[in-house]
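You will see chain A twice below: alongside chain B first, and alongside chain C after that.
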Partner chain A sequence: MNASVKPIDTITAAADAVVSRAEARFDAHRQDILRSTDRMFAALLVGQWVFAIFLALTVSPYAWQGKVKTVHVHVWAAILLGGAITCVPVALAMLRPGALLTRHVIAAAQMFWSALLIHLTGGRIETHFHVFGSLAFLAFYRDWPVLLTGTVVIAGEHFMRGILWPESVYGIPNPEWWRFLEHAAWVVFIVVFLVLSCRRSYRDMRVMAERGAELEALSENQWRNSSVVDRAAAESAARRG
Partner chain B sequence: MGSRPVQSRSPVSGAPMGALAAAWFLAVVAGFLALWVYKLRPGPEAATAPRSWPVQSSIRTSGGRATLVLFAHPRCACTRATISELARLMARFHDRLDARVLFAASPGEEAELARTDLWSSAARIPGVTVAPDPSGVEARRFGAETSGAAVLYDATGALAFQGGITSARGHEGDSFGQERIAAVLTGGTPDRASAPVFGCGLNDEGAVRIAQVNDR
Partner chain C sequence: METQGQQTRAMRVPAYDRVVVRDGEGKRRQLSRNEFERLPLRERVTYLIGGTAEFFAGTEHIPASEAMKG
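After this line comes the complex of A and B, so read on.
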């Protein structure tokens, strides 16, 4: 009886070992991606801040009243509001890289940057593409809820702006209340594909982790089962290169 | 993937960080609201333009077509959006509209105007003629106080619209002003014959008024 149970226990233990090894590999890989993406976004956020200040100083440095000039509000917005948008996510990226809160704050900040750049460029249609570029970049996290945060922030910004200032969003002065949904739908369009891509990428990472763990276990098993003579020969071959 | 909690090695605990993130979010939203309030503040209410084309004006109308006169400060960054919107209007109504852009100029400053980017941008628009407005004589005649103020006279010389053609300070896109001008030019009836003007002050008087209020 004992002789028949023992191999099953051994197999179960070996399988558990492979599963936990796969989990560890997966978590390490995932943390590596999250942290490196946090770092990339920290650099991007600072870069956008510098760019916005440069843009404001170049395009709209002063407001005028006849011959009297004052610093344009866009310059203050770029420095102060841009700084406010940037400082907290960058601090989180440095203090808590890889944390759940960090990447969601970064997603919100990136969408705030889209909104601010649209303001600073005078509502140019071309600047609106920053939203789509940002969502694609957020997909680097391979963490689809981050995309939802970005979508909610930009849709919320559109919704609020549509109430306060409908012409700036919809191009018509008196839009229907649901018009923000039409605009959000185009964001949702890209987000759906990015979410699918993130989920597929996530599955691929899991498969890679499991295969890596299996290979490791197999390799270790072969090593244990090999004879002393074989190991010596292998070590000798490895030394010879 | 996102549902899995991530362990952080930071000594900073999660709750204060969450509170910090919430405070940050609200502060940024407040900053945007302040920016919107600024961008939606129009220039001072202007005097009404003459109901029919003023004969004393040095600007010539083009017979049989509507004439739009736009008053601009040569260095107003907000007016860049107005010029862009004027280009859109002209692309749409080039067959029935002539436009003049008059740039405010102090005496002797006319030569400098031609070097500003707003002047060259406006001059590049087909159907638009640019000219200086020395000492703001024409601006006063047409009741314009803010850069970006436009007046539209129909083919018979009757005032059809007075106001701005942007939706906010320095912001491109459709606006009440454009919608109303389009209604006039397509034979329709606009809901109103005016629109708020967003831009810099054309003369120093506004600055003097602000300084006087501050002194008090």
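After this line comes the complex of A and C, so read on.
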């Protein structure tokens, strides 16, 4: 070792290296989760698109105008609107996996899918469960702001469609004006717990990375001590000749 | 899965509840476990690499390698 280098300097340098490696491990772990969740949603979005087309073809394939049979607007909605909702987030998941924009676009798209499926099933209350399932899937990101994006999108969509076309969202033509607030309240109820869960998961990931750094630091300490002992033993043996 | 030996060792070595650290000038400072764990990671790692953190459960000294397992 260079005599001008103080032990405290080498300890500081080693600590910096250990901390940098811990941060790199944490970032890699987080990126891995974000990217795999992006991929999961890409598959889910395409699956929902196929399912929506199947649903439209099964439930209401044709409309009648007098004696003229036409393809029902629901089929076109499933194909075209569903395609529009799906293609951007899937492209982002393929081209920019792990990026902040990608997961927020996916969150919005997933909520628009809930809205479209609710519409295609005539506002069935059971289809509203898709919203809750989607929020739970979004929690896989362990990034709570994504849940806020989803909440704002679905609450805004319910509010607007509740005014413009209430039957398509609630299944009845004249719901109370505050019905969207009731739905939004249940969404907020689950989102509060999912946000807490995301924050805890994030903290656990951080603690795991820090625990790894501490163990690495201990190992570094043992290596340094053993090296000193080895050097002393070697010098002693050399003196004995 | 923990082996019986690991369980026995885990039972023998209690979790630390306080830490005594020495800074570069040799000044000693006593911290609770919570205070130690809230130190910035760089500071904790520096103590561990330098061997300047001593771990205790009550009055019993705990080796750093055992303390970090609990």
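Convention: the second predicted complex is superposed on the first by the 184 of 241 C-alpha atoms of A that agree within 3 Å, B and C clash if a C-alpha of one lies under 4 Å from a C-alpha of the other, contacts with A are read in each partner's own complex, and residues count from 1 in each chain.
Basically, a contact is a pair of C-beta atoms (placed from the backbone, for glycine too) under 8 Å apart; a residue touches a chain by one contact, two chains touch by 3 or more.
All values reported here derive from a predicted model rather than from experimental measurement.
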item	value
Which of chain B and chain C A:V90 touches, first, second, both or neither	neither
Chain A: partner with more touched residues, chain B or chain C	B
Chain B versus chain C as contact partner of A:Q31, first or second or both or neither	first
First (chain B), second (chain C), both or neither touched by A:L164	first
Touched partner set for A:V146, first chain B, second chain C, both or neither	first
Which superposed partner A:L117 touches (first chain B, second chain C, both, neither)	neither
First, second, both or neither for A:V131, with chain B first and chain C second	neither
Residue numbers on chain A that touch chain C, as the complex places them	8, 11-12, 14-16, 18-19, 22, 210-211, 213-218, 220-222, 224-225
Chain A residues within the chain B interface of the complex	30-31, 34, 59-69, 72-74, 77, 80-81, 84-85, 88, 92, 95-101, 104-105, 108-109, 112, 115-116, 119, 122-125, 142-146, 157, 161, 164-165, 167-168, 171-173, 198-199, 202
Complex interface listing, chain B residues touching chain A	1-3, 5-6, 8, 10, 12, 14, 17-18, 20-21, 24-25, 27-28, 31-32, 35-36, 38-40, 73, 75-78, 80-81, 84, 104, 106, 147, 167-168, 170-176, 179, 200-207, 210
Residue ranges of chain C touching chain A (in the complex, touch as defined)	24, 41-42, 44-46, 48-51, 64-65, 68
